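Each chain gets a letter, A, B, C, D, E and F, in the order it is written, and its residues are counted from 1.
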Amino acid sequence: MNAVTAIIHRDLLLAMRRKSEVLTALFFFIIVVSLFPLGIGPETALLRTIAPGILWVAALLATMLGLARLFAPDHADGTLEQMVLAPAPLGLLVTGKIIAHWITTGLPLVLLAPVLGIQFDLDSGALGILVVALLLGTPLLSLIGAIGAALTLGVRGGGVLLSVLVLPLYVPALIFGAGAVEAHISGLGAGGHLSLLAALLALAVFFAPWATTAALRIALE
Amino acid sequence: MLTATGLSCVRGERCLFSGLDLAVEPGEWLHVQGENGAGKTSLLRILASLSPPAEGEIRWENTPIKALAEDYYRDMLFLGHHGAVKEDLTPFENLTLSSKLDGTALDEAAALKALARFGLRGREDLAVRFLSAGQKRRVLLARLAVRQAALWILDEPFTALDVKAVDMLSSLIEEHVKAGGICILTSHQSMPLPNGKVLKI
Amino acid sequence: MSNNKIIHWFKFASPQSFYPLAGKMIPWFWGLTAVFLIPGLWISFFVAPTDFQQGEGYRIIFIHVPAAWMSMFIYLVMATWAGLGLALNTRLSGMMAQALAPTGAIMAFLSLWTGALWGKPMWGAWWVWDARLTSALILFFLYIGFIALQAAIDDARRADKAGAILALVGVVNVPIIYFSVKWWNTLHQGASVSLTKAPTMATTMLWGMLLMALAFWMYSIAVALTRVRAIILEREAHTEWVKELDEVKA
Amino acid sequence: MNWGSPAEFFAMGGYGLYVWGSFGVCAVLMIVEPILASRRRSDILRSLRRESLADKLDSQ
Amino acid sequence: MNAVTAIIHRDLLLAMRRKSEVLTALFFFIIVVSLFPLGIGPETALLRTIAPGILWVAALLATMLGLARLFAPDHADGTLEQMVLAPAPLGLLVTGKIIAHWITTGLPLVLLAPVLGIQFDLDSGALGILVVALLLGTPLLSLIGAIGAALTLGVRGGGVLLSVLVLPLYVPALIFGAGAVEAHISGLGAGGHLSLLAALLALAVFFAPWATTAALRIALE
Amino acid sequence: MLTATGLSCVRGERCLFSGLDLAVEPGEWLHVQGENGAGKTSLLRILASLSPPAEGEIRWENTPIKALAEDYYRDMLFLGHHGAVKEDLTPFENLTLSSKLDGTALDEAAALKALARFGLRGREDLAVRFLSAGQKRRVLLARLAVRQAALWILDEPFTALDVKAVDMLSSLIEEHVKAGGICILTSHQSMPLPNGKVLKI
C-alpha cells in the first residue's frame, strides 16, 4: 500500500513539475469542443442536439492524448524496469499510476464539462447527468487506456497505434455516456445508461490493472 | 549465492552464447567481459530476470528466480544503460522517491549525505536534465550507496564518470563485496579489485 | 547615425535603466486610472439613461466593450514587443511581452465573461457560436498558448524567442479570424464606433465607454509595469546592478 | 439620476445578477491582478535580500 | 536542392520502415469520423449537415497527432543537431521535412475523405469541393503545424502543449475549408472560400519554413 | 586554425568558465579535460556553434564562425553524446543518408567498406535498435571515417567501445591529425597520441 501512495505521490509531483501539461490537457478539451461549432456552424438548436456527443468525443480524445505519456517516459528512462524489479507487486504500482493519471486528466475534465455544456445551451438537469456520466466514465477511460498504453510501449509509431487500439475500446463508454445525456434531454430517464456505465467501470477496475501489468511485462522482455 | 546453468541467449537468428554456467558466492564479484555485441548486456538482463533465457535456469540461494519473483527483486539491484532517473525531478527527489518505491524509508539527512558523497553538493535542487552526463550517473551511484541489496548487477557502471568518481565507485563495490555482497558487472576497462572472477563471452 | 546615438537610444531599452523608470511611472498610471475610472463609473451608473430596449442590463457595455478592445489591443502591443525583441535582440522587449500576456488574457476573459452575462438576458443564451464571440475565444486561446509556451521553457532567453515567434504567427491569425465575421451570419452587434461613420450611440453612453476604456488602458499599463519590474528582478537577479539596488541592500 | 433608492440601484431593473456579476468579477480580477503582480516582486526581493545577507555573513 | 531530396527520401524511408504509423494516422481519421454517429445518433439529415465540419475537424486532429513526431525523434537522437550543422541551409531541409510530412499524413487524408463523405450521404459535387478544399488545406496544416512542432521541441509537456498552440492557428483553415463545402451544399458558390484558402496557403509557404527554422535554432541553443 | 578568445559560459546562475582562450593549429589535437560537470560538453557545443557563448568569439581560419555559418559546417564534424543514428534504419542506410545530407555522395562499396572496418560486417542490414551499445557507437565511427572534414569535435567518443574499437578510433584520429586535420575531444581516459595539447577546465 505504501508503494501505491509513493507512486501516486511521485506522479503527482511530476505533474506539478510540469503544471503546464495538466492545464494544457484541459485547454485541449476546450479547444476541441470549440472547433466543432466552427466547422459546423452556429445554429443553437443543432448544436444542442449534438452537444453530448461532442463533449464525450472531446473527453475521449483528451484522455487519449495524455495516455501516450502514461508509461513511455518511465520506459525511456529505465524507471519502468526498476518498477518491475521493485519488491512491491507490479499490479499495485500500475494501479497507482492509473489513479494518478485520472486525477491529473480525468478529474479536471469532469469539473470543466458543465461550463462547456452551458456554451451549448444545455439545461441544468442535463448538465448534472453529464457530470455523473463523466464521473463514471473518465476512470473507465483511464483504466482501458492504460492497457493500450502498455501494449504499445516501445512499439514503433506508438502514439497513433495507441489511439487506433484504444478508441474502439472506448466506444461503449461513449455510447452509454453520451446516451445518458441524450436520454435525459429527450425525456427518457438516464438511469439505465448510467448503471451500465457503472457496471463497465466495476469490470474494468478488476480487469484492467491485471491486463496492464501483463502487457508491461511483455513490453520489457 | 547466484548460480546459472546452461544459459543460452538467441537474438534474431544469432546465438549469442549457449551452455553458459556461472556461480558467484557471497564476497565475490564477477567481471563479464567481451567485445562489443558479444552479449554482455543481454546476459545481465537475463540474470536480472528482465528477459527470459532461451534455455537454462538461474537460481538465487538455490531457488529458481522465477519462483522467487518479488523476493528476488528485494535482494537485487540492477542498473542498466538507462539511468532510471527522472529528468524533471531533482537528484534529491529522485533518490528519496526511488527508495520509497523500494520499500525502504530514507530520511532527508541520509539522502543529502549520499548525494554529497558523490559530489552533488549544490545540485540537490537542480532538475536532473541540467546535469552533465557524469553527474547524472552519480545520482545513480548515490542510489547504489543507500539501497540495501545483496546482489548488484551493473551494466557498464563506469560510463561517463571521471577518475575520482571511478575510484569512489570501485571502493563502493569493494566495500559491498567485503561485507558479503555479490556484484556482477560489465566494463571495458580492467578492474584491479580483490576476489574478482572474470567471465569472457 | 553615429554609434553613440544608437547606444543612447538603447539605454532605455536596458532593464537596468528601465527598472527605476518604471517604478517612477507606476503611481502616475494608477492616478490616471482613477482619474478616468471615477467619472467613467459615474456616467455608467448615474448619468447614462436606461435603454428603452434592454433596460438596465445594457450597463454591462461599460466594461464589456473596453475589455474587448483592450484584449485585442494588448495582443498587438505584445506581438510588437516580441517582434522587436526578436529583431533587435533587446532583453527588455521579451520581458515586456511576458508581462503583458497575463493582463491581455484577463481582458479577453473579462470580455467573454461579461458578454456571457449580457447574452443570457438579451439573447436567452449564455453563449452562441457566433463569429465575434468565437474569435474572442480564439484570442483567449492564443494568449493561453503564449503563456503556456513560455512557462514550459526554463531558459528565459529561449522562452522569449519562442514566444515571440508564436505571437507573430498569431498576429497574422487575428485579423483573419476577426474578418471572417463577414462570411458568417452573426447575432452579435457589429462595430458601432468607427472613425468614418457618425456614432450611432447616445453621446453619454459613448462618453462613458470611452472613459472606461481609457481607465482600462491606464490600468493595463500600470499592472504590466508592476509585473515587468518583478520579471526584471527575477531574470537579472545575479547582476551587479540588482545587488546594488537600495531595496535589495536594505 | 436614474435611481430612486439604493435597493433600486442594486436591483438594476431586474438585471442585478447579470450587471453585478459582470462588474463584480471585473472588480475582483482587477484588484487581485495587481496584488499578485506586486507580490511576485516582493517575493523575489525577499529572496534577493536573504542572499545579500548571506553574502555579507560569508564575507565577515 | 540535393539535400532536400535527400531528406525527403530519408523521411519517406523511415515512414515505410514504420508503415504502421502512416496507416494508423489514417485509421485515426476514420475512427474519429465514425465516433460521431455513435455519440450523436443515426439521423441522416442531421449527419449530412454536420459532415463537412466533422470531416475537417477529424482531419485537423489526425494531422496534429503526427506533428509531435515531426522533429522530436530527430531531436532526441541528435540528428537535428547534425541537420543544423549540415552545409545545406536549414530552411531547405525543414521544407523537405514538411513536404515528407504532408506526403505521409496529408495526402492519404485527401484520398480517403471522399469515401468517408459518401458515408455521410454527401453528393458528388460536395465531395469534389471537399477534396479540393482538403488539397489546399492539408499542406497548410502541415506548414502551420511545423511551426508549433518546432516551438515545443524538447519542452516539457510537449505533446499537449503543441495542440494548444496549433489548434487555434488552424481555425482559419477549418472555417474556410468546412465553409467551402457547406457553401456548396447550401447553393452558394464555394469559390470565395477556396480562393481564401489558397491565399492562406501561399502565405504559409513563404512564411512557415522561415518561422520553423528560427524556432528550431532556438530549440537547439 | 581554430581560435577562441575570452570565451565564457553561464548555465543557470553558475559560471562554468570565463576568459577561456584556445588556439589549435592544423596537425594538432586538443584534449579537453575536467571533472564531471566542469563544462566540457558545454564548451564543445559552443565551439560547434550549437549554442552561443555568453561572451567571447570563435574564429575559424581567422573569420568569426558566425559570419561563416554554412562554410564552417562544411569544414566541421561534431559528434555529441547522442548518436545521431536513426534506430529504425540500418547502419548502411544511416551512413549513406547522413553523407547525402552532408552533400557528399558515398557509393555503396565505400559505405560497406567503412562499416566492415569497424566490425559491423554482418550487421549492415539489421536495424540499429537491435545493435549493442558499442555497435551503435561504431556506426558513428564509420561516419567519421568517410566524412571529409578538417575539424573534428568529439564529445566522449570512447564511450561504450571495447579495447579493439578504442585502438581503431585512436589510430583514426592519429591519421586525421597527421594529414593536417584538427581534432578536439573530451575523454576521461588518457590518450597517448603525438601532437596533443591538453586543456583543463
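Going forward, a residue touches a chain if its C-beta (ideal position, glycine included) is under 8 Å from a C-beta of that chain, and two chains touch if they have at least 3 such contacts.
Not measured: the values here are computed from a predicted model.
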Fill in: Number of hops, chain B to chain C, where each hop joins two touching chains
2
Item to complete: Could you work out how many touching-chain steps separate chain A from chain E at minimum?
Response: 1
Response to the item:
Most remote chain w.r.t. Chain C, using mean C-alpha positions, is B
Worksheet item: Whole-Å distance, chain D centre to chain E centre, using C-alpha means?
Response: 43
Fill in: Rounded Å distance, chain C centre to chain F centre (Cα mean)
49
Worksheet item: If you average the CA atoms of chain A and of chain C, how far apart do the two points sit, in angstrom?
Response: 36
Item to complete: Would you kindly tell me how far, in whole Å, the mean C-alpha position of chain D lies from that of chain C?
Response: 17
Worksheet, complete the sentence: Among all residues of chain E, those touching at least two other chains are 17-18, 156-157, 161, 164, 167-168, 171, 175, 221
Practice prompt. Pull out every residue in chain C that's touching 2 or more other chains.
Written response: 138, 141, 144, 148, 152, 237
Fill in: Interface hub residues of chain F, defined as touching at least two other chains
81, 88
Worksheet entry | All chain pairs that touch each other | A-B, A-C, A-E, B-F, C-D, C-E, E-F
Worksheet, complete the sentence: The residues of chain C that touch chain A in their complex are 125-131, 134, 137-138, 141, 144, 148, 151-152, 184-185, 187
Discussion item. List the residues on chain B that touch chain A in their complex, please.
Written reply: 48-52, 70-71, 73-74, 76, 78, 80-89, 93, 97-98, 100-103, 127
Response to the item:
Per the touch rule above, chain D residues touching chain C in the complex are 1-3, 9, 12-15, 18-19, 21-23, 25-26, 29-30, 33-34, 37-38, 40-41, 43-45, 48-49, 52
Worksheet item: If you look only at chain B, which of its residues touch chain F in the complex?
Response: 11-12, 34-41, 81, 119, 123, 126, 130-135, 137-138, 156, 159-166, 188-189
Discussion item. Using the touch definition from the top, list the residues of chain E that touch chain C in their complex.
Written reply: 144, 147, 151-152, 155-158, 161, 164-165, 167-169, 171-172, 175-176, 179, 192-193, 200, 203, 207, 211, 214-215, 218-219, 221
